[in-house]
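Across the two complexes that follow, subunit A remains constant while its partner is subunit B and subsequently subunit C.
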Partner chain A sequence: MSQILKTLTPFMEINKEFPFASPIKEWKQSGGKVIGFFGGDIPEEILSAAGALPVWLRGHCSEIPLDDANSYLHIYTCSHMRSILEIALKGDYNYLDGVMSTPYCDGSRRMFDVWDRYIPIPALFFLHTPHKNTPEAEAYYYENMKEFVTSLESTFQKKVTKEALWDAIKTYNQTRKLFIQLYDLRKKDNPPISGAEVMEIYDASAMMPRKDFNILLEKVIDEAKTADRKLDSGHRLMINGTALHNPEYVKGIEDLGSIVVADSLLNGAMGFSDLISEDENTDPLLAITRHYLNKFPAPRMVPSEIRFDKILQMAEDFRIDGMITGVVRYCAPHIYDEIRLSKRFEARGIPSLRLDLEYGMAATGQIKTRVQAFIEMIEERKRKG
Partner chain B sequence: MPVAGIDIGSRTAKAVIMEGDKIISSHIGETILKGPDVGIAVLNESLKLAGLKLSDLESIMPTGYGRFQFTGGEKHVSEISCHARGVHWYFPTVRTILDIGGQDSKAIKCDSNGRLTNFVLNSKCAGGTGRFLEVIADILEVPIEKLGELALSSRQNISFSTVCVIFAKTEAINMLREGVPKSDIIAGLHDSIAKVAASLLVQLTVEKDFSLTGGVAKNSGVVAKIKEKIGLEPMIAPDPQLIGAVGAALFALDRAKRRRTA
Partner chain C sequence: MDHSLWLEAVKNLEGLTNHVLPKVKSSGEKAYYELYTSYFQKVTQAMVEGKEIAAHSTFVPPEIFHAMDMVPVLIVSSSGAMTVCTRNYKDAMDTSRGYGVPLETCSAHRIQLGHFVKDWFPKPKLIVHMGAGCDAFSSSGGVSADMYDCPDFYLDVPWEYSKRGVKYLAEEFGRLIEFVEKETGRKMDWDRLKENMARTAEMTRLYREIAELRKAVPSPMESRRAWQSYWMYWINAGTPEGVRWFTIVRDEVKARVEKGIGAIPNEKLRLLDLFMPPQFSFRLQDWMAKDYGALFVSESIVFHWGEEEIDPSNPLEALAMRYFMAPMTRCIMGSSKDFINDSIKAVKEYKVDGAVFWAQNACRQAGIIRSLKDALSEQAGIPTLVVDCDIMDPTFVTVEEMQLRLKDFIEILSERKARRSN
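So, the complex of A and B:
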């Protein structure tokens, strides 16, 4: 593979500093508040409009022993949540001024409970989120959003103004617009950026102020556009699954003769593919409410067909040869989602592979064998036409 | 010119030397004893048996978990493709393969050319694989190669509630204490392995001509139980443990041929 994109360096440097990266440190030093969250349906725009820096909590990009976390959460809870908890119990998330969650999945709910009971934290926020998108659900969700704003205002003693909300919406939309540009570049025959590199960008996006992030992301896109960098496409894969963060996992897949050109990851395309309406005649909070109900749905949302159609459309747009789903054990929503999704892929003649992962792991021997055989199978299918 | 296929598995490494369309020698060695050099060690043994030198080989194809560490070979192929290819060489009509290895089991589908078309593997855990049998053989103080024979003399059906090595070990020890004959305990464990295998096959479609590969296919007790569960007579190569290496050697032949004609 050709040299890594130069403009990725700042992101990679930030990722090396996980969990207390320098942009977060600088934010704290200038007196700003930091709210950590987990779950893919957190309206970061609201946290940002309240003057806080939202940080998407995650675990290390390695399989660490979860000794402390296992004392608080049953091992049936996904290793993703337990990995976050392990860091919190070790005190490495002590810089947080608050933690926020939604009823995203059982794992995240139980971890929130543990945080509530056992980990000292100045503030906790919980936003009830519906599982479906109906007028009643929207009304319910909107009321909850308002309550959430009120609790933020009383905690931080600061009014969340409409202007601040619109400003945050525009900033976060700018990120989405940039990602959409980046995704378009990945649709090319020889994409100028690898899946592992995109993972570095995703990881950094969770640990820095969005305005700064947008400036850096724009530079990456400029370089990717102009550098005349054409990665050998091999076979075009899409990666799916819960939140995955380890670029080495993606690199392991790509090193076996493929390029990851698309994803439907919680921390990736699921959050960056759809824009919030910027119609300033509406209430910004309502715009946010509608966005989070309408955006690329996670497996927790029903009916599932909306999600499946979206992913299948991506498979077509990105001309993928195969789909690899990484299921972090024991992520129940994704396990059942994968089975139904893979059937729909097979019906379209696109092979799919499920990998059982522990959170944080790179591509180990067992994974490499499965991926290599999968790529060999794709090769055979293509050869036969 | 002769070529070699080396299948470096989690428990054993296998080397096969082929010339034209014939196997001229083979060797199986334990992975644990030889460390990272096990691939070259089994290759050297089989070269010695064939009366050849390393430089006589036109191509070497590594496969198996150790393929990444093996240097001096072709760009490697996964053992899943190698099993399909190896079985097809022995039994061209086979389309479904069940490979039970040292630490994983795989259900594999191939086409009329022996090319991989689909596969399913067990999850990360080694329950229901060769390692499972090794642990149990050790507890029961029965040599691993005697397990099959002993199980076939079993008089009563015992069912284990788990394929977890750790839990099954506990259950087996309790049964031993209660005086359950070893033959029945072993037959019960073979049944567990067959269940795991059958559950993998259910995820693919089983076609009539199917083959068993991997070291565990040498165990007549497991074979009998699988036959019972699937309802089909498996086709088994003379040494099913060598199939991955045979497939690798066939891929090595392809590469050598491709270079000659290029």
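So, the complex of A and C:
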């Protein structure tokens, strides 16, 4: 592989400092509040407009013993949630001023209960997100959003103004626009950036103020555009499944003669593909409400066809040769999603592979063997035309 | 379609019922066999006559389908029942595994999907599923609809009870009715729906009355009757059969309380059931009662109703309110606080000696175990046993293995009770 993009270094440095990275420390030192969240569909714009730094909680990028977490959250809860809990129980998330979640999945809601009962935290916020995007769901969700804003204001004694919301919307939209640019570069025959490197960017994005992140991401895009870096693409893959954070997992797949050019991950394309309306004649909270109901849907949302169509469109746009879905064990939403999605991929003649994972795993051992066989199958299919 | 398994299962069920009925003394037990068999006979009759069937997941109100003259059939529990009646556990689960359903999801849903892969399940006109219960409930209906290539409707449910949530859910029921009307060309008979909801309100009133009567010492109701009641509630919601069931059970239980008679001759330990026991057999509960005098006197997820009343005059809001007040949805949806607080309250009201949590394989509701166990110990002063098991797979943990765990626990509880009474 060509030499690493220099502009990626700040992101990698931040990731090494997980879970209490320098940007978070600096934010705290300046008197700022930090709200950690897990699950998905969290309107970070609102947290940001309330003056808080939203931090997307995750586990370590390695398989660690989960002894403490296992005693509070049964092993039938996915290891993604238990990995976050392990860190929290060890006190490494003690810097948080609040924790937020949604009923994203069974794991996240029961994790929220455990946090509420066992881990001291100044504030807890829970936002109910509907599973569909009907007018009734929008009205219901909008009222929930208003209630959530009120509870934030009362906890932090700070008014969430329309101006602050628009400012946050624009900042987060800027991130989305930059990611769209970055992903456009990945559509090339020889993309200038690997899937593992993109994962480094995503991981860092969860631990720093968004305006600072945007500046760094812009630099990466500039370098990727100008550095004449052409990665040997091998076979073009898309990754899907439970939120994954370990760049080594992606690298392991890429090292076997492929390049990950796209994803439909919660902590990836699902978060940036759609922009929030910036029409300032409307209510910013309503704009946020509509966005989170209508954006690239997670498996929990219905009708599922909207999600499947989006993913299939991406597969076409990025000219992928195969799809790998990593499902963390006991992640029911992705278990059922994969069953339906893989049939649709099959119908389009695109092979897909499901990997049953534990959170934090790199692509080692059995995973490598399975990916290798999958890539051989792709080769064979290509050879046969 | 291959209806042979369904027909064989119903035949076996009829055979079992005919065999058991002459021996059964309890009017509740007798009614259970009759009504349970009758439910599947109605579906079979609809299959034969070509009547439109609405397949639905648990908590989707059958009252709506009855009011539209359709024949409702529960998806998960009916496929489970068919498997129990034909003992084809392995075939059903292997089939779903072959289709790509991994072992890390519960066997009830694996069996359901096995039935759909093999075309064993009756072909419905439509499938209605719901985001209640768990992620598997939310998702497996869509997979089934894919397999049968039939229209489906997903009922969205709010996170927890609130006035706003009742309004939203009532709107969702309205959308469901529009969907059924569009797909079938049928029209909702609103007067009939109101009548159905009046029966549901009556069933709920009786259910709550039974819950009150069960506080008596000795306990007047068998453990299995509690679970039978729960399933009877959902398969016969809004029907005369449903009212009949709860009336029979209430009368039986009331008569026992008035006479001071217990459901078992020598009640020694009163237990609280915290979660779903294996559904393929109630042998365990019978054994605990018979050999040790240990009886489940209340069940958190099937007998702890919320307090709000159901008003049949506004049927959609009544359906929404019933959803929020019903024990299982109340426990497993929303924050775990209701589940925990209701269980603590039950320990005091039902004079409970110990609790049992059935940790079902792959069930993410197990995430509540530690919180429940600690709360019951600290705030109600009772120990909790966690039994590893599987909801539908008898080979995952055998009955004998579970008996060993339960036996030890019963001994501990007996010693503890003896110490306290000295």
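Here are some notes:
As a convention for this text, the second predicted complex is superposed on the first by the 385 of 385 C-alpha atoms of A that agree within 3 Å, B and C clash if a C-alpha of one lies under 4 Å from a C-alpha of the other, contacts with A are read in each partner's own complex, and residues count from 1 in each chain.
The working rule: contacts are C-beta pairs under 8 Å (C-beta built on N, C-alpha and C of every residue); 3 or more make two chains touch, one makes a residue touch a chain.
Everything quoted here is computed from the prediction, not taken from an experiment.
Touch criterion not met for A:N294: it reaches neither subunit B nor subunit C. Of the two partner chains, neither subunit B nor subunit C is touched by A:S273. Counting residues of subunit A touched by each partner, subunit B versus subunit C, the larger count belongs to C. Contact with both subunit B and subunit C is seen for A:D356 once the two complexes are overlaid on the shared chain. Contacts of A:Q181 after superposition: neither subunit B nor subunit C is touched. In the superposition on chain A, A:A137 makes contact with subunit C only, while subunit B stays out of contact range. Once chain A of one complex is fitted onto chain A of the other, the partner contacts of A:R370 are limited to subunit B, with no touch recorded for subunit C.
In the superposition on chain A, A:T77 makes contact with subunit C only, not with subunit B.
Using the contact criterion defined above for the overlaid structures, shared-chain residue A:P333 touches subunit C, although it does not reach subunit B. In the superposed pair of complexes, A:E380 makes contact with subunit B only, with no contact to subunit C.
Once the two complexes are overlaid on chain A, the subunit A residues touched by subunit B in the first and by subunit C in the second are 329, 356.
Those residues of subunit A that touch subunit B in the complex are listed here as 329, 351, 356, 358, 365-366, 368-370, 372-373, 376-377, 380-381, 384.
Subunit C meets subunit A in the complex at residues 99-102, 104-105, 131, 134-136, 138-140, 142-143, 146, 154, 156, 158-160, 164-165, 167-168, 171-172, 175, 335-337, 359, 361-371, 374.
By the touch rule above, subunit A contacts subunit C in their complex via residues 71-74, 76-78, 103, 105-107, 110-114, 116-118, 126, 128, 130-132, 134, 136-137, 140, 143-144, 299-300, 302-304, 327, 329-333, 335-340, 342-343, 354, 356. Within the complex formed with subunit A, the residues of subunit B that make contact are 65, 68, 76-81, 104, 111, 115-119, 121, 123-124.
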